[in-house]
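Letters A, B and C mark the chains as written, and numbering starts fresh at 1 in each.
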Amino acid sequence: MSGPRTRGAVRAGQYLALLAYLAFLALPFLWLISTAFKPAPELGSLHPTWIPEDPTVANFRQAFAEQPLLRAAANSLAAALAAAVTAVVVATPMAYVTARRRGRLSAATTGWVVVSQAFPFVLVIIPLFLVLKNLQLINTLTGLVLVYVVWSLPFALWMLTGYVRALPAELEEAAAVDGAGRLRTLLSVTAPLLAPGIVATALFAFITAWNEFFFALVLLKTPEKQTLPVVLTHFLGAEGVADLGPLAAAAFLATLPSLVVFALIQRRITGGMLSGAVKS
Amino acid sequence: MRARPAVVLAVVLALLVAGCAGGGGGGGEGGTVLRFQSLAWQKESVDANKELVAEWNAAHPGIRVEYVQGSWDSVHDQLLTSFEGGEAPDIIHDASDDLADFAYGGYLADLRPLLSGRLRADIPEASWRTTTFGEGVYGVPFLQEPRVIIANRKILESSGVRVPTPARPWTWPEFRQVAKELTATMGEGRYGVAWPLREPVSVSLNLGLSAGGRLFHRGGDGRVEVRFGDGDATVPATVNAQVNTDRSAPRTTLGMGGSDTLPGFFGGMYAMVPLGFSYRQQIVRQAPEGFEWVVLPAPAGDGGLAQGVSPQTLSIAEDSPHKEEAARFIDFLLQPDNMVRLARGDWMLPTGTEALKDPSLRTTEHGWATGAALAASLRPAPAQSVRGYPEWKDKVATPAYQEYYSGAIDAAELEKRLVEDGNLVLARYQR
Amino acid sequence: MTLLTTARRSGENAGGPAHRPAHRHRPTDHGAWFLVLPALIPILLLSVGPLLYGVVLAFTDAQSGRTRATQWVGTLNFRDLLHDTLFWESFRIGLVWAVGVTVPQFLLALGLALLLDQGLRLRWLARALAIIPWAMPEVVVGIMWRLVYHPDAGILNETLRDLGLGGGRDWLSGLATALPAVVLVGVWAGMPQTTVALLAGLQNTPRELHEAAALDGAGAWRRFRTVTWPALRPVALAITALNFIWNINAFALVYVLTGGGPGGRTRLPMLFAYEEAFRYGQFGYAAAMGCVLVAVISVLLAVHLASRLRGDE
């Protein structure tokens, strides 16, 4: 029923729609890049332009000279990676149980997810601070990672539970009937099918941790340990005054790793491993 | 089989993180270590602070000061959490209007027994009042800025209006007239004055002092009450008239912060912008080539040039085991010469009388002289020591002023909200 | 509490380590306790514990500072809250904001995910670009959009002027435009997260079902309804529910954009509770607000969840 012409029209429409989406999502970012390369007088211009008239890297130089961006980036990277991997490793088994075993555990998990996410975090932070202090984890990245893991767990659980539910349980049962061991079934049948979901979840946890500000602000004291979002606010002054050029330059750099991580692993999320697995 | 690399990776990362965390702690050298959390953020000011810390450390090997970078944006939350958890820095940089709760809450040390006679005498009594809460003094006020009017020199001079000086400032009615005249000469879509009123309450109250406004009245029993007199009405009425009657001020800038108005100011859309004295730094950095500007005193009223300020402060945590040493460091930081360096770094005025005499703060370049001439008229910002003021400000006064300035409500409604709703809030803190 | 008892019961059932030869019945009957434990311990310690502490605070007059002892006040905080019209106004704004962000966010993200799931050229680039908003710290997002919305130097008004649509609108400080302007930023900032979740969900759609349906001559809409949507539904429900919770609790974005102004028009409940706790130091009263928020959100989500649980049977 779909002739080549209508197909072409549909395709064109799809590309057009995609373009509109990308414009909406990317233009503010382009504006950030443009700001990062503008000299100070141009930032105060009444008629801003997309392309800097007099592009400069002075903002980048100033950003690096004024704030320890590299060290902060290393801290952020360590914390975010550790948090993402730990969260997934810890959450996947629980999500599996929750999804496969209906009943109170599932209900309790759901309930906790709602309560923990709905409760204002500003109220949790002081008791949390005291708990971590008792564990001697204030001012350590380990403490911060723990908080990030717990903070991303509800979401990780929800997502992973959804992904597990979407897998037909018959596959595992078939493998069990074939005589495969339980762990082997999990690792050789379930895990590969779950991989896109796991990677997506890890990505969530990574980016959440990478961007997180409030906990890092409160938990880390010494400058050597501070993470990027905290260091970024050092470009802000009182009354919302900001050192825009260097801030934009630093923010642009801080955004890159998340983009790179995503560009690298997005094939895995969407690699179509599933269809192959279902067939075999 | 895919799971295995992930597990290995996780273990490696966990070890890595543990290693990082372990490596940071435990510098077991002898002597005292003081943590100094500074909020300096402009390059010159960060540099000045760091240099001073280095000089101190070189001269005092037994008392090492560690520079910790804080940020104005989040200082209150960060300090509150640190205090509650018992992990606050020893020396705390903040502003006097942020100190009340910390002082009343018992987190800050009373500095009276700790400060040197020199420092106490150097800083005027009016400044000390900004950090006096109840009986105690909980911070050393060291930098302050008056609100000034920064004007486009060409527009101002070509219009032929009288240019005010600290000795002969404009009155408020005169200011309104000048704004009207400037607007008339400038043409469509341009305005004589732009009011950046993202924080309308502090501007209204601080400038209100010049017209004799007080708003907060302390009774004989120590209870504070809001009353709205003629003096309180002068400044708000002027702004309201400029925006809604004369059209000499745009409505669009009412929600802006100070730096948001600069593009329009540079572009000739606004002839004058009332701004904090330190905004000169941004103007110097961002102004297009050939742009000329002047610093004018804010208008005067029955109260002369008086206006309220909330100086930047240095405080000591009550929990600090080394209060004596911390006080010595503050004393060092605020030696007249050093105070001048800090003031120049932040483009502000020092509170110390010795430092204020420094010729570099009295030059006419960048309007330093105008600001310095205003120093004597600066008073503690009204109400900053009133308990419940932050809540009154956020919940009652900010929305009320915003709606009044934009013309959504009239003066009677403004008064009703500030006074009736306001006193209800204050009453809760004074049971 | 239910969490604990459930966990213990499943622990009793577990019997032994996980890698035991499977029996006939459901493969998950074994090792549940073992599988749940790693997540449970940090949750109890760092989430449930502090949360319960927060709930307890709601029944006290806890304030910042250590000059006054904290006392039990029973339900006084809740009774005060009942008469706090400003809080309920903020609650109303929060609901408008949460619905106004969540719904467009989901619809737009679904569209984008479906597009990205097509075999379009350069889709790897499109997929990477599509997560830009998410890759930026919220503080930066807020500052960026303030630049975009800037009445004088903002690119939005400049573009409108160039297109001859008039200019000089004060998006973030106008009493009427502030909330819609903030909602747009909310949609923008939350879209990638929703898109990625849905995209991963789409990968779980059995492709041959799609192909079979196409061969049967089913149109795009019917294929979507009969094949795609059933597979996507659990993920879609989860992500919208979480988006809703997150949005009603949103904080940093609006804090940077408007600080709750103008005239309290964008003061979300979270901003309100934040000010109460961190500006005025009224921990007890703020905790009571938190409890009310939780209660109302739970009720609102009950419908949503009920449909989800029913779908499981």
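In this section, contacts are C-beta pairs under 8 Å (C-beta built on N, C-alpha and C of every residue); 3 or more make two chains touch, one makes a residue touch a chain.
It should be emphasised that the depicted structure is a prediction, and the values quoted were computed from it without experimental measurement.
Ranking every chain by how far its Cα centroid lies from the centroid of chain A, the top place goes to B. The chain pair A-C and the chain pair B-C differ in C-beta contact count, and the higher one is A-C. Centre-to-centre separation between chain B and chain C, using Cα means, comes to 36 Å.
Centre-to-centre separation between chain A and chain C, using Cα means, comes to 14 Å.
Looking at chain A, residues 44-47, 89, 126, 214, 233, 236, 242 sit in touch with two or more other chains.
Each of the following residues of chain B touches two or more other chains: 73, 77, 84, 198, 263-264, 267, 269.
In chain C, the residues that touch at least two other chains are 139, 152-153, 278.
Residues of chain A that touch chain B in their complex: 40-41, 43-47, 62, 66-67, 75, 78-79, 81-82, 85-86, 88-89, 125-126, 129-130, 133, 138-143, 145, 187-188, 191-192, 195, 198, 214, 217-218, 221-226, 230, 233-243.
Those residues of chain C whose C-beta lies close enough to touch chain A in the complex are 2-3, 5-7, 9-10, 18-22, 26-32, 34-36, 38-40, 42-43, 45-51, 53-54, 57, 108, 111-112, 115-118, 120, 124, 126-140, 143-145, 147-148, 152-155, 158, 188, 191-193, 196-197, 199-201, 203-204, 206-208, 217, 231, 234-235, 237-239, 241-242, 245-246, 248-249, 251-252, 269-270, 273-274, 277-278, 283, 286-287, 289-290, 293-294, 297-298, 301, 305, 309, 312. On chain B, the positions that touch chain C within their shared complex are 73, 76-77, 80, 83-84, 101, 104-107, 189, 198, 250-256, 260-261, 263-264, 267, 269, 388, 390-391, 394-395, 398-399, 402-403, 406, 408.
Only residues 1, 11, 14-15, 17-18, 21-22, 24-26, 28-29, 31-32, 35, 44-48, 50, 89-91, 93-94, 96-97, 100-105, 107-124, 126-128, 131-132, 146-147, 149-151, 153-155, 157-159, 161-163, 165-167, 169, 172-173, 176, 180-183, 185, 196-197, 199-200, 203-204, 207, 210-211, 213-214, 228-229, 232-233, 236, 242, 244, 247, 251, 254-255, 258-259, 262-263, 266-267, 269-270, 272, 274-275, 278 of chain A touch chain C when the two sit together in their complex. Against chain B, in their complex, chain C makes its touches with residues 63-67, 86, 139, 146, 150-153, 168-170, 172-175, 258-264, 275, 278-281.
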